[in-house]
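Note that chain A is present in both complexes that follow, paired respectively with chain B and with chain C.
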Partner chain A sequence: MATHGEITESLQAFHKSYQENERLKVMNKDWNRTVLVIANDVESTHTLVLKEGELSFQEGRQGDPDLTVISDSGILSDMFFGDITPTEPYLNGTLKIIGSEDDIMRLDFITLLIWGE
Partner chain B sequence: MKKVVSVSLGSSKRDHKVITNMAGQEFEISRLGTDGDYGRALSMIEELDGNVDAIGLGGIDVYLYAGDTRYAINDGLKLMDAAKKTPVVDGSGLKNTLERETVYYLRKNTGLLPSGCKVLMVSAVDRFGMADALTELGCDVTFGDLIFTTGIPYPIKSVAELADIARRILPEMVKMPFHMLYPTGAKQDSQDEGKVQKFGHYYHESQVIAGDYHLVKRYMPGGLNGQLVITNTTTREDLLFLKDRGAGVLVTTTPELEGRSFGTNVMEAVMLVLLGKAWNDIKPEDYLSLIDRLNMKPRVLEL
Partner chain C sequence: MNNLQLKRVLTLRTVVATSAGLTLATSSFLAAAQVAGFMAGDSAWLSILVSGVLCILAATCFSELNSILPSAAGIRLYLGKAFGDKVALTFSMLYMLIVMGVVGAESFVLAKIFNYSIPQVAPVIWITAMLAIVTLLNIRGIKLAGRFQDVVTYGVIVSVILLSLWGLRQVNFHLVAPLAVGGATKFIQAVAVGVFLFVGFEWVTPLAEEVTDSRIIPRGMFIAVGIVCVVYALFTAAMTANIARGVFIHSPIPQVLFAQKVLGKAGLVWILLICLSCSFGTFNAGLLSVSRFFYATAREHALPPVFSRVSMRFMTPWVSIIAVFAVGYIFSLVILYTGRYLVLVDMAAAAESIIYVLSAAAVLVLRKTMADAPRSFRVPFGPVIPVLTMLIFAVLAVMAIATDPVIAFWVAAGLVVIGLYVVYVVPRIKEKYKVKRSSRRGARPVL
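Moving on to the complex of A and B:
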């Protein structure tokens, strides 16, 4: 189990890596989305906002989400720290993503392009 | 008579059966579509196992290539494993050789692929041989793997970048259900209107459109101005579709059998029978010499 603070730290790491990846910013120029990240075992909600290729995030819920990512705190922090990929938990049901199939696929791609080896 | 069956996740509307002679051997070749029903494909392969000489897998790739690395799609591997006696192939071995040769043939024997011509490959990781050959011959290639599969408007412009992105993405993507990666079943009979609108300009800006026919068709806009299309599996209806969209010339990499070109999976299954070798033991030279023996040349058709 991770704390809200650890999830925030993992999102900071994710954000930093995103910001350093110019190719990813170009790829996401047309993809304006609000992504809500909710832990289902601790009180923890964050909002990621992608706008014209730039990524920002805030603690708590902001605006209406296009995608909602729900999992336990451990998986969320591991995923945003890049220790695990979203594919396995998504396929085994421990990570739920609510949104269109195209958006889910694209979010998966972003994570893989940041952390993929 | 040898029997080869292609079990496809594609539409059953394209089902077909021919009897033909290749290199002195009679073949009954049939194609059975399962309309995207993965379970049905699995049980069909189990039933055919031991009763036919080779099985081709259509509408699904098992192996994808980028650079020197091969990636295996989990759903495809499961289908392959469903047969214990009869060899099952997905066409990827032959594709790598035959489609490379098609590109060389067009350069050598036609004026259809001049150096510097603009080529759109809707997807390249499923036909890396073609991608590599087009680049080698100096074509200005746009690889649309991210654009059309994921909706990311990012044209990949080199084989090196394609391999780099593939290395990051494919090890995980191959675990996804295949229908999330490729149009199966009814999706093969329709177009993705959103992507046609958004990304159709890539077709208009190119002189050559290359790649898997279902992908080529799914995103093809109208109003083309005589583009060359290089692909594999087409039916008579497909020719009408391409003509209606404004394509000018069609090149298919596999030979025509009674009005349609079969997929590379079918041809690879046929070749496997003719070569009498295990799939893993077949080398590109084996395919090349058989392509020569069969006098297989790409079909070039004015639309």
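Moving on to the complex of A and C:
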């Protein structure tokens, strides 16, 4: 199990790596989405906002999400740190993502391009 | 989680269109002709109706699974939770291989239709051109807008119904021997092949995360199966009334012969448009779902990492898409040069039946292992329907395989090769990445 602070730290790492990747920013120029990240075992909610290629994140819930990512804190933290791919927990049902199939794929592409295989 | 609001929500209309659209393929008309070939008199409608009702039984099982595990991962997740990862991966891979076979069969049939209309261009050129165009569209991430896709699907449904009614009217159709099935074995074989007409209706379950009311998915599946049932029952009745049995059984383009007989050149153009619409949907669904499956499987390190390559420009898994194109193309060429197009139809019917057996079994297993999981849909009458579904589709799988020994060989060979790959190769790939990931843990960005 991870703490709210660890999830925040993992999102900061994800955010930092995203911001350093100029190509990724260009690719997401037209993909404006709000992603809600919720841990289901500790009190922890974050909102990632992608707007015109720029990524920002805040603690708590902001606005209506296009995608909602729900899992236990350990998986969320490992996933945003790049220690695991989202695909494994998604295919075994421990990670739930609510949103369109295309958006789910795009989110996975972003994690792949940030953290590699 | 009930207070979560999605910005974009799918309606029942789209769910029905998606489910029905996935079943409407150009090669399905071949299966309809094959079903009619098994049956005596004008009783083909009966076997299609029975296939449809049986698919509704399977749909109830998918609905319960979807209500416990609403995920775009669909069958891969249901089987994984019920039987473990190895079984899930083996059968998902077999299923995807068959889908690629269907893409191959579809391009073969469509090429034959184009070749019939424009004989100067050889089928191999049509096949190459069509698959290449759809592959390029997929790599570029171009898709039909949801509403337009709905219009196309409902347009195809209405067109086939109108064409069939017109055909029935032309011969002043009256049912002569609607219940003369021509023997139990023939009837069961017709029902088994009839399952092919409904292949893909359950692919709507990945939309589970895009609807607010999860009951829309089962409702959509039931309505879609009902509509498809009516469409093909009418079509086979009209076709058998207008075309001689010996002609439609041995033709790879029975729908074209029928439309031309009924409406002449206008009929030919109309059926061309119908087939193009059907095939575009089938190609798109096939390429999209299989390439995404390849990509996801590579991401979980069960396929070589090359399949997870993503186009930086179009944000699509281009290597996986090209791999699907290559396999589909090989299937098409094999069919083209052997002329055995029905093998893939029967193989798909058999594989689909096997998946239905496993899904029904998964319902029973998950009722024990995930007894407390909330279910917005539960198959009525306890274990009766899942058990019936398992038994019936097991028999239908055997009957579909029994139509040709080649099918038995390829299904068995496919299962053995994929099974060996999953048991011996996948653990090695996973091990390699476990080491790679643990070394990355130390390199976590420092803040």
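Please note the rule applied: the second predicted complex is superposed on the first by the 116 of 117 C-alpha atoms of A that agree within 3 Å, B and C clash if a C-alpha of one lies under 4 Å from a C-alpha of the other, contacts with A are read in each partner's own complex, and residues count from 1 in each chain.
Everything that follows uses one rule, which is that a contact is a pair of C-beta atoms (placed from the backbone, for glycine too) under 8 Å apart; a residue touches a chain by one contact, two chains touch by 3 or more.
Keep in mind that what you see is a predicted model, and the values were worked out from it rather than measured.
Novice: Could you check whether chain B and chain C clash or fit when both are placed on chain A?
Specialist: Aligned on chain A, chain C clashes with chain B.
Novice: Taking the superposition as given, does A:Gly93 touch the first partner, chain B, the second, chain C, both, or neither?
Specialist: A:Gly93 sits against chain C, while chain B stays out of touch.
Novice: Would you check which partner chain A:Pro65 touches, where first means chain B only, second means chain C only, and both and neither mean what they say?
Specialist: second
Novice: So in the superposed three-chain picture, is A:Met27 touching just chain B, just chain C, both, or none of them (first/second/both/neither)?
Specialist: both
Novice: Classify the contacts of A:Thr85 with the two partner chains as first (chain B alone), second (chain C alone), both, or neither.
Specialist: A:Thr85 contacts both chain B and chain C.
Novice: Using the superposition on chain A described above, determine whether A:Glu101 touches chain B (first), chain C (second), both, or neither.
Specialist: Both chain B and chain C are touched by A:Glu101.
Novice: Counting only touches as set out at the top, which of chain B and chain C does A:Leu113 meet: first, second, both, neither?
Specialist: both
Novice: Which chain, chain B or chain C, ends up touching more residues of chain A in the combined arrangement?
Specialist: C
Novice: Among the options 37-45, 127-135 or 379-387, identify the stretch of chain C whose C-alpha atoms clash with chain B after superposing on A.
Specialist: That would be 127-135, the one stretch with clashes.
Novice: Per the definitions at the top, what is the overlap between the chain A residues touching chain B and those touching chain C?
Specialist: Shared contact residues on chain A: 23, 27, 85, 87-88, 91, 101, 105-106, 108-109, 112-113, 116-117.
Novice: So in the complex, the part of chain B that touches chain A is made up of which residues?
Specialist: Contacts found on chain B: 146, 150-154, 165, 167-169, 171-173, 175-176, 180.
Novice: Could you pull out which chain C residues touch chain A in their complex?
Specialist: It comes out as residues 1, 4-8, 69, 71-73, 76-77, 80-81, 85, 206-207, 209-210, 292, 295-296, 299-301, 305, 308, 310, 312-313, 315, 433, 436-437, 440-441, 444-445, 447.
Novice: Within the complex, which stretch of chain A touches chain C?
Specialist: 9, 12-13, 16-17, 23, 27, 36, 64-66, 68, 70, 81-88, 90-93, 96-101, 104-106, 108-109, 112-113, 115-117
Novice: Which residues of chain A touch chain B in the complex?
Specialist: Result: residues 23, 26-31, 85, 87-88, 91, 101-102, 105-106, 108-109, 112-113, 116-117 of chain A touch chain B.
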